[in-house]
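You will see chain A twice below: alongside chain B first, and alongside chain C after that.
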Partner chain A sequence: MKSKTALIFNALLVIVFVFAFTLPASAGTTYKLGMSLAITGPTSDAGNPYAKGAEDWFKFVNETDYLGDGDIIDCPIRDDQYKNDTTKRFFEEFLDDGILIFLSYATGGNLALKRDFEEVQIPVIPASYHEGLIVDANYTFMPVATYSENAVSLAEYVVGKHEGTDTPKVAFFIHPSAFGRGPLEDTQKAVSLGLGIDIVEVVEHGTDLDNTAMLQRLESKGVQYVICHTVQTPVATMLTDAQRLGVTAATFGEKGKLTFLGAHYTGGSDLIALAGTATEGYIWADSYNLTSENNEGAKKQLELAERYGRDDKAANSHNYGAGILAAQIATEAIKETKKAGLKVNRENIYKTMQTLNFQSFAAAGPVTYSPTERIGVDVQNIYVAEGGVFKKIQSFESQYIQKVRADR
Partner chain B sequence: MSYFFQIVVSGIVVGSIYALAALGLVLVYKSSRVANFAHGQIIAAGAFITFFLTVRLGVPIFFSFLASMLITFFLAMSVERIFLRRLIGEPIISVIMVTIGLASIFDGLIYLTPFGSENFSFPTFLPTESIVVGGVSISWTQLVGVIITFVLIGCFSWFFKKSTVGISMRAVSDDQFGAMSVGISVPRVFALAWATAGLSAAAAGCIIGNITGLNFETLHAFGIVVFPVVILGGLDSILGAVVAGIIMGLIQQFASGYLDGNFGLNGTGDVMPYIILLIILLFKPHGLFGIHEIERV
Partner chain C sequence: MSQNRWLATGNFFTSYKQEQRTFFTHLDRTIFTCFLVILFGWPLVFEISNKYMLVLDNILIAIVAVMGLNLLLGFAGLISIGHAAFVGIGAYTVASVCQVIGENHVIVTHFWPVLIVVAGIMGAIFGAFVGLPALRLKHLYLAIATLSFQMIFEWFIQFMSFFNQGQTIYVGRAHWFTGQVGRNDHYLFWYYIILTIVVVLGFGVRNLLKTKYGRCLVAVRDNDRAADAMGMNPGLTKVYAFALAGFFAGVAGALHAYLYRGVGFDSFTLHHSVAYLAMAIVGGLGTLNGIFWGPVAIKYLDLQVEQFSELAGHYLTYAPNVATALKPLSFGLVIVLFLMYEPRGIANWWRIAKSYTKLWPFRY
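Now for the complex of A and B:
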């Protein structure tokens, strides 16, 4: 009898121990999100640090009980290798898992799933800032200013800084895809609405080893400014060729030379890594706060990267900051929904996101959504490459992009 | 006029780099009649090995360059030994499918390293100023690239024409059974063909990487970009690869220089080489220098 009691006692003890060690450390709620992006494959030079930024932020949230009550975020990050069909499959799997917000990536994948997002009514935070993603769409919440906003802003910046009475002659150097063409079309609309530039030529690049012919042609046509909207590698090759040919402007708008400018994915530390000194003088529009600014925001980004053992390259990448911001938007949406005393589900998160307003250390300005506004950070910084880093010249908000949007 | 000559120089520069990148495809096809779809990955591997040795291990770039050629020589030889040797005598399509599979495996392996998703560049080791003659400019990177290309192509041409091993490789290319009957080891020739292809791919990777920067997607794309060069020149002709490479480079630059931006045209630099390729193939289906095989049935 005694041994039977001891047996039962021991069994209970074992059960208690097993439960004690198998129960999650957090007794709170787990909020499920899903992220699909190119960690490998095309554009993974951007996607990889982006994923690291998001992953680190979610780890930080969970470790510091940022949401309170022991609540945590579970956000699996999956590598779609820039393949739209894989993104779609992941999205469907995430839906089956009951995610609250989808963190997506490429322009193509988002355009392909745009209708699905509306049908399923799921808030989406993309890494693509293609203007078309928020046209006739309610559920896509753009983290920062769109590529179109970048391009139009750069054109406005050119108009503002151009010396002389003539109309500045501009060429566009773009990616041969919807990603590249969208901002061009919006800039052309801005021109038709009165923006004072002359778009002399549009170059859709290929896999070029030498841009001599193109650069000399642009010069012969009197082009002074080249606005780029593509990824870093072709821009790097072009800048290197321009340096070799001696056609790069030494100062902004130098007559007879070319001043190069570019949108979000054309610039950053990766461009400097690829093109070296040829990057000097490159003007870049971006809504992220760079670590080279050495301000409070930059320090916080570097601290986060250090906490999770990231190398310098990832820590200083603006794409790492972009990943952090996307994760922060999702986190704040959950936090604010909780704070409002609402049940944390897709419907209420969607409602919360429409009035979400907070300051992120990774961004150039505050995140401000409204029921009619789907762009988080409207402010852009205009940076210039100088001494091997990008330095802020000024903040910028486009006037013409509002006119373009109103004209749609 | 200097504009015209600048385009000629740029065309020759681009074309000769195409020729070097195409050489590996020709070498493999010449001996084994196989189109190697993993060639771009070997080009990328060569560039990254050089970068790793130079930047991470501090080896002088010249020695890194030679070492990477040596490493890819043995890498490609191993690939042939492990995966392709047992396919000798099997239908060519099976072997081609294996090379496609190999491309995926190489992709996966490179994606496991930082080289799969980050951008890098070689340290500057050549003067950054251009050489300008009569208003025509060429960078040291391009000049050195062209010189290395022609030296390597010269070496390969000599190797195939004069050396015993090279002649054996040509014999195998002409007639495997005939070559075997005179005592040539066909498997050994296949291994050597793959190895030399690996060597030339590494050289091409380093030169391309020095021009475009080191980005895996950009580098391995050249394995496909040079296919039209190989087809135009003739799949089994080294001379064909050189001539076709330069033709392609010139067409690309002239189209970009004179057609793009005029007559409402754009992107002709990418399209024109293919249009010319199709026209030439209408008249010479085996390429400019390819062997026209006639079989008696």
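Now for the complex of A and C:
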């Protein structure tokens, strides 16, 4: 009898030990998210560091028990290679897995899935800041100011800084797609609403390796400012050509020369790596904090990159910061939902996100959403390329973009 | 014809009527019926995942498109490098209707079978028009002409504001007798619709090839001058081959529009045209069952290579461009190797497998 009791006791002990060692270290809840973006393929120069930023932040959250109670975030990152059909497939896969928030990427992919987001009622955090994503859409939460806001702000900045009584003559250098054309259209609307610039020419670039003719044409038309809304490579080609031709303005708005300005995806450390000294003087509007600023936020970004063994290129990329911010918005939404004592599901996360308000080290200003506002960081920094890095000139909030939105 | 209708000892016929049979043996018919029953029945037995249903629906749409391309390239011998543009014509026909009358108009949501046919007819009209150069051009020159059409299509869509400059134009949800097809049933519903269309069009192609019009295609492919001498009209045959290919492509495009509930330019690029061409060649040009094998094989390969490239992207973080190059490189390599070692396509494997079912000693 005694030996039988001992046997049962020993068996129970073994079972307890087996369970103790086989159970995961975290006994908390796992929150599933999904991310689809271009790690390879077109635009992967932006998508790759973006993915790393998000991945590192989620690792940090899980390792430091940021959510509390041992809760963790499981966010598989899939490579859609910039193909809308593939993004759709991944989105369906994520839905099958029961994700709470979808972290998406390209303008095209987001527009293609816009109806699905509304139907499924899932909060979405895109990497594209195309204004059209938040028009007639409730579930898309833009992390930062839109491309249109960037372009209109740059136009306003030109008006504010232009010397002389004449109307500044501006050319637009844009991507040949809705991604490039959308901000142009909004700037044209701002002009029709009283913004004092004269849009002399619009250039939709191809894959040209030489812009000599285009630059000389702009000069002959008296253009002083070129606002770019595209990706870095064509801008780098244009800046290099402008330097070679000697048409780049030495100071902002120099008469008879061209001052170049650009929105989010045109600038950053990658542009400097591509165009070198030709980038000097380039004005860039962006809502992210840069590591070249050497402030507290920059230090935190570099620490995170170092913690997970990222190289300098990724660590200093504003796209790495963009990935961090997108992941932070998702994390804070879950954390705040938990804090409010609500069940963490899509519906409650959506409710929480509408009032989400926090400060991120990766952004130029606070993330503030409201039931009527779907843009997180409204502040933009105006940077200038100087001495091989981008330096902040000032913070900027567009006045005309509100008028454009009201007029829509 | 063999005395044993189950296992033939060879392909010999004693009348034209025997040669006109859709299935040569009872075994052929039985296998086909079982296959069809499985295709229609499995969703009723297994749990359905939207992700996999989307993949299957995509394969079926590709089969419809490749049916047209195989008629053109395999049976009529006319090369086309702009087939995705014809698919795009079908998709943008639906999108245009949505732009004009609204995505949720009853014509879009309730009369979708009519719209699918209209999209096919639009594809046929454009196909016939693009086929006109085929009266004068052959081989590589014809390939360039169809490539031009692809380029014109892409430019046109990307710059026309009516087509939203290539960005997505939304298409409303289809209705069935039971009401609106909801999100949960969407992919399954379209699976059955597309599968039905594949079966109907498959029999259509099979029957076409038994008619004089089908024989004209083959005759013109083999020698258009000889066909002319035999009283056929090679010019007309070439144009209607393009029209037929356009019709199939147009139907595929409309199905794509309804499946994705939207039409965006990037589903109909030159890359897709090349993929359709690869499907037709890998499946087996000028064969009926190759139409089915090609899309299955290429789509499956595409998924595998995608996973391989994705894995490489995660590990080769310092060199994303290398990971990017891995996909087209490995995809192209597999195609090249396949063509080197099996130029007659997967259909040839099917032929060899079938020959084993024939009675000894006339298996080969």
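In this section, the second predicted complex is superposed on the first by the 390 of 408 C-alpha atoms of A that agree within 3 Å, B and C clash if a C-alpha of one lies under 4 Å from a C-alpha of the other, contacts with A are read in each partner's own complex, and residues count from 1 in each chain.
In this section, contacts are C-beta pairs under 8 Å (C-beta built on N, C-alpha and C of every residue); 3 or more make two chains touch, one makes a residue touch a chain.
As the structure is a prediction and not an experimental result, all values here were calculated from the model.
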Clash-or-fit label for the pair chain B, chain C on chain A: clash
First (chain B), second (chain C), both or neither touched by A:332: neither
Which superposed partner A:92 touches (first chain B, second chain C, both, neither): second
First (chain B), second (chain C), both or neither touched by A:56: neither
Contacts of A:83 with chain B and chain C, given as first, second, both or neither: second
Partner chain(s) touched by A:178 [first = chain B, second = chain C, both, neither]: second
Partner chain(s) touched by A:111 [first = chain B, second = chain C, both, neither]: second
A:119 touches, of chain B and chain C: first, second, both or neither? second
Which superposed partner A:45 touches (first chain B, second chain C, both, neither): both
Touched partner set for A:275, first chain B, second chain C, both or neither: first
Location of chain B clashes with chain C - one stretch out of 22-30, 94-102, 184-192 or 202-210: 94-102
Chain A positions touched by chain B in one structure and by chain C in the second: 39-41, 44-45, 48, 176
Contact footprint of chain B on chain A as seen in their complex: 39-45, 47-48, 176, 201-204, 206-210, 212-214, 216-218, 220-221, 232-233, 236-237, 240, 243-246, 270, 273-277, 313
Complex contact set, residues of chain C against chain A: 49-51, 54-55, 58, 158, 164-168, 170, 183, 187, 260-262, 264, 266-267, 306, 309-310, 312-314, 317-318, 320-321, 323-324, 326-327
Complex interface listing, chain A residues touching chain C: 39-41, 44-45, 48, 52, 77-79, 81, 83-86, 88-89, 92-93, 95-96, 107-108, 111-112, 114-116, 119-120, 132, 176-178, 181, 311, 314
Chain A-touching residues of chain B, taken from the complex the two chains share: 3, 6-7, 10, 13-14, 17, 107, 111, 116-121, 124, 128, 130, 137, 139, 142, 208, 211-215, 217-218, 221-222, 225, 253-254, 256-257, 260-261, 266-267, 269-270
